[in-house]
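See the structures that follow.
Okay, so subunit A shows up in both of these, paired with subunit B first and subunit C after.
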Partner chain A sequence: MVAGALVAVPTLVAVAGPLLAPLTTAQRGIAYWSGPGYPLGTDSLGRDVLGLVLRGGASVLLLAATASLVAYALGALVGLAAAGTRRRWLDELLMRPLDVLLAVPALLVLLLVASLTDRGVGMVVVVVAVVNTPAIARLIRAATLDAVRRPAAEAMLLQGEPRWRVYAVFVAREVARPLLADAGTRLTTAVYLVGAANFLGVGLPPGSADWAVLVDRNRAGLLLQPWAVLAPAILIVALTVGMNLLADDLTRRRR
Partner chain B sequence: MLRYTLGRLGVGLAQLFVVATGVFVLTEALPGDAAVVAAGDVPDPARIAAIRHALGLDLPPWDRYVGWLGDLAAGDLGTSLVTGRPVADVLGQAIAPTAVLAGVTLAVLLPLSLLLGVLAALKEGGRLDRAISAVTVALHAVPEYALAVLLVAVFALWLGVLPATAVGGSLTETPVLLVLPVTVLAARSAASLVRLVRAGMVDALASEYVAHVRRHGLAPWRVVLRHALPNALVPAVQQLARTVDWLFGGIVVVEAVFAVPGLAAAIVDAVSGRDIPVVQAATVLVGAVVICVNLAADLAAHRLTPRAGVAR
Partner chain C sequence: MIELHELVAIVGSTSIVENVSLQVPAGGVLALVGESGSGKTTTGLALLGEARPGVALTGRILVDGYDMLGARRPRGLVGYVPQHPAAALNPARRVGGVLAELAAVGGARSGPDASAAEGRRRAGADGARQPGGWTVGRGGRAVAREAVGRALSAAQLATDRETLRRYPHQFSGGQQQRLALAGALVGGPKVVVLDEPTTGLDPVTRRAVLDELAALAAAGLTLVLLTHDLGAVRALASQVLVLRRGRVVEQGTASVLAAPTHPYTRELVEAEPRRIRELVEVGPRVTREPGDEPRNVGEAGSHTARESVDGEPGVTRGAGGGVPLLEVSGLTAHYGRRAALAPLDLVLPAGSCLGVVGASGSGKTTLGRCLAGLHAPTTGEVRVRGEVLPGRLDQRDLPHRRRVQYVFQDPHASFDPRRPVLEQVARTAVLLRGLTPDTARAEADALLTRLGVAPGTTGRRPAGLSGGELQRAAIARALLAEPDVLVCDEITSALDPLTQAGLMDLLTGLDLTLILISHDLPLVAGAADHLAVLADGHLVEHGRTATLLTDPRHPLTRAQLDALAEQEVP
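For the complex of A and B:
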């Protein structure tokens, strides 16, 4: 219940917010000011905080979701190839490099890439996806190997079903279960990393309406106009805490 | 034990080699010319040529690769493109505050997660257990920057009991500066540790050997601390090594929020200033720390698990 509400409020703000945002004051006011027309005050650039908060959730969810989807696509590709191959060296070649990626902190990989190439949202999404890939690839590889060795899969193969059909009909369903249980954790990790990148200024441009960017840009005014920082921060914390509780609930029920 | 240690050391060295190679390959493979990127707002051909020479980009890749590995092995981390100072100086100066932050966080994190994990396991299913579990699940992967500003607002702004940033103070001389940063850092890492200690303790307390020790009439605290806890520790020690990764990510954000002039702040500065040698060296350095911690954790886990020794 609590978990659902914690996720629902930020998600609703993120989805419906951009539609309601035009109703808020568009005119720029004085920086860090609170008064009539600005229910949550203004930010460091004198923009209406309520309007920014309503617009700022979409990018948080969209970027994290995109990064997760790419990570799942990459992870499925690598994991299935490693599990499906009969050549052990190919399995090793696919899985070993991923282990090394786990040795370097994800945020550091992000910073390293940001210093080497053009920064921006695309770079952040790609890096977050790649950093999340090893865990997914491992999970898919383990679950697939487990599933194809089940008697049901072997029976299908012995009956002369083609391999792709066994994978599509039986293995996919068996793999989906642990994958779904893990999805919440993956998504929170993506929200965390994308947010951290935006907070550190290597993702979205500094003027963007994004919750993490807003927290970073308005930190200096915390003493003057706390809502410019607190409103986006509370929404981010509510979203992640709610997602954690939901994911935990999901794992427990599937067990 | 010796054989395991040597084998594990070899794996660690190989990992370090691969990380150093990975950093080099990444620098090579990414689109965009590092020298042009480093020149930034002044894309003057002469400056680009100078940077290209400083980075050694005018040499063939193989020579550069061998040079990069050789310099690293000799402890030469290169020179900063921005200040012209040796990278070792830039990073060495920043290490102290980060080490204090990480050390104090670990010193708080370990006893706290052991205590909470053991308490939750002893009262399994009770109100305390459910409260601890709910809080630790909820705090898992909550972004530090958001958590930090919330805590600053409550404790510095409204209650006025703690300082908002570490500006102008020394972390070691005024420990009160550490309270909020360490709380934020420990909150996220403690979550997974507490859960693992709890799970390990629940298993251990339900096991045959603990029942056996109990039947011998040992004092309850002795059963818990001396017999159940060591077996619950193994997964926790390995998880602790994994949290170092998170801890580093947390330190990057926390140093930015609380204005601590540490290693992570130096890295973020270098990233925004396109100071590529500093970022490269820092990546290898942090990678080395993570590898060493994992090595130590694996050795500790091996030592703590007598079964593994017998099986060998």
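For the complex of A and C:
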């Protein structure tokens, strides 16, 4: 219940926000000022915070979701290949480099890549996806290996089921459970890394309406006009905490 | 000692245990007997003051004068050894550390032997241990180490450093059982509750476990056995309580089993596998083909069937001109670098039933899995009707897979929990025999009914069927392939004796070549016309059941038979 609300509010703001944003005050006011016409005050550039918050969720969700999707696709590919092969060396070749990546702090990778290439949204998505891949690949590999060695999978093979069908009907559903439990952590990491990139200014341009960018741009006025930082920050926190709780709930409810 | 007054366990509004009252003196052995769902485990757990989630306990439970349902029940007063010790042992930790921790948490109470009392006095004297705390001082550590040593020797395990530094998987099945027992003893309990302590053990290990338990009881420990092994009850128990659906049907001394008054107890006793002596004298309970004399497998070492099976209608099922149905030659198998099977040769004529027996870890299951293609052999060949089957399942095409089918030990693990049982069973006929889904389902339904699975239940998911029903469904799933060889790996070991007996009758009534893998020699000997004894991956003895039972050549076979003979009370 709480988990659902925690996720629903930021998601709703992110999805419906851009539609409602034109209703807010478009006119610039005084920086870090609160008064009539500006329910959440103004930011460092005198823009209406409510309007910015309404427009700023879509980029957070979109970037994090895209990065996560790419990460799951990459992770599934590598994990299934490593689990499916009978050649030990191929398994090692696929998994060992990922272990190295897993040991390097994600932010470090992000900043390193940002300093070497052009900054921008595409770079952030690719880095966040790659940084999340090792954990997903390892989880899928381990869960798959466990599932295909169960008597139920072996019985299906003896019945003459082709291997792909054993994977599709039985293994996939067995793997889904740990994967779902882990999804909360993965999505949170994605939101956090995308946010961090934008906060550090290596992602979206500084003028963008994005929750993380807003937190960064308005830090200086935290004591003058706290809502400019608190509103976007609360939404990010609610989203990540909610996703974690929701994943836990779903895992508990299944069986 | 234990006192139970009108124990009632309730789930929701239905009671799963009703009005159980009993008294067991110190050093007594109480056996709770009954099939699964009888309330054995609930009663056993209640003695620890524990109940599974959703179960409410009422009544009075006194252990050594302490109220076990009260808020201030002492720790470590009652030890518990679960049914599958491997599942209870932490695979990631060395056993010495775990036991020392248990000793520290439980507080080394005085154990069954006198030296433990001294340990307690010393523990009190140096005062290093906070009750229930994890911090153990130098003196406490020594006391804990002492308690671990005592518990290990009471459970008949070595106490040297090398043993303490091993991980649970480095112990055999029987040793793991003892390890779990040591874990229960390390806190110095007055009472130990053992859930199926002899299930899954070969006769020799089983006898050793029974001897240990008898010694512990003699030293003043009260034991509670939750079991369907009636032999163990006869050997150990001073009191017997027969439970059925939570009600006490019979209660008394061990003589209850010798002269059962309640029809249910009689049923239980009659369902026991025949004892070896009876098997030798009277023959197997079920004769597969009356008047169908020796179908020799060939003595160990010689690879050829000595007798042709031709001319036996209904048995040969089209075995062509003297070609044996199953031929295994030079089969070896490894797990990593460890050899699991030494070169093994075996010849099996059509229609025969081979029992494969041996201690846990002897390679029985590996042999079965190699035949079914579930484990790729390192060398050697498996031929069915003269045709070589590839080692790996991936390389076996559908006609190959059809020839050898396999039934797994744990019926619940061998089904996909999310699809209806009937649908899963019917797939065999669709895939291996090319039937249409509707025909396959109709045939599966008919077969399931014939095998004794109630028609209304097969549309459910596996969780809606009992273990016995599901194992029958697993057999139906294999039989729908119309296989030449059916390998059954310990298929009755997870079931209670009544279900077990029913399943064995079903198997022996089937008209196909059977391989029964089991640690339970009497059970297998009752059905198999030939026996193969495995030890450490070697086929040590091999021949007709009657010959092997009356004139065992190999010391290991003899040891198993002696162990069995000893547990049999006339």
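Just so we're on the same page, the second predicted complex is superposed on the first by the 247 of 255 C-alpha atoms of A that agree within 3 Å, B and C clash if a C-alpha of one lies under 4 Å from a C-alpha of the other, contacts with A are read in each partner's own complex, and residues count from 1 in each chain.
One rule holds in what follows: a residue touches a chain if its C-beta (ideal position, glycine included) is under 8 Å from a C-beta of that chain, and two chains touch if they have at least 3 such contacts.
Note that the structure is predicted; figures quoted are calculated from it, not measured.
Chemist: Just to be sure I read the superposition right, which of the two partners does A:241 touch: subunit B = first, subunit C = second, or both, or neither?
Modeler: In the superposition, A:241 contacts subunit B only.
Chemist: Output check: A:113 vs subunit B and subunit C. Expected answer is one of first, second, both, neither. What do you get?
Modeler: In the superposed model, A:113 contacts subunit B only, not subunit C.
Chemist: Kindly classify A:170 by the partners it touches after superposition: subunit B alone (first), subunit C alone (second), both, or neither?
Modeler: second
Chemist: Would you check which partner chain A:219 touches, where first means subunit B only, second means subunit C only, and both and neither mean what they say?
Modeler: first
Chemist: Among the partners subunit B and subunit C, which is in contact with a greater number of residues of subunit A?
Modeler: Looking at subunit A, the partner in contact with more of its residues is B.
Chemist: After superposition on the shared chain, which partner residues are touched by A:233: those of subunit B (first), subunit C (second), both, or neither?
Modeler: First partner only, subunit B.
Chemist: Return first, second, both or neither, reflecting whether A:161 touches subunit B, subunit C, both chains, or no partner chain.
Modeler: Only subunit C; A:161 stays clear of subunit B.
Chemist: Which of the two partners, first being subunit B and second being subunit C, lies in contact with A:14: first, second, both, or neither?
Modeler: In the superposition, A:14 contacts neither subunit B nor subunit C.
Chemist: Across the complex, what residues on subunit C touch subunit A?
Modeler: Per the stated touch rule, the residues are 372-374, 393-394, 398, 401-402, 405-406, 408-410, 413-419, 427-428, 431-432, 474, 477-478, 481.
Chemist: Tell me, which parts of subunit B touch subunit A in their complex?
Modeler: 15, 18-19, 22-23, 26-27, 30-32, 34, 37, 134, 137-147, 149-150, 152-153, 157, 164, 245-246, 248-249, 252-253, 256-257, 267-268, 270-272, 274-276, 279-280, 282-283, 286-287, 290-291, 294
Chemist: Which stretch or stretches of subunit A touch subunit B in the complex?
Modeler: On the subunit A side, the touching residues are 97, 100, 102-109, 111-118, 185, 188-189, 191-192, 195-196, 199-202, 212, 215-216, 219, 222-223, 226, 229-230, 232-234, 236-237, 240-241, 244-245, 248.
Chemist: Give the list of subunit A residues in touch with subunit C in this complex.
Modeler: Per the stated touch rule, the residues are 150-152, 154-161, 163, 169-170, 173, 255.
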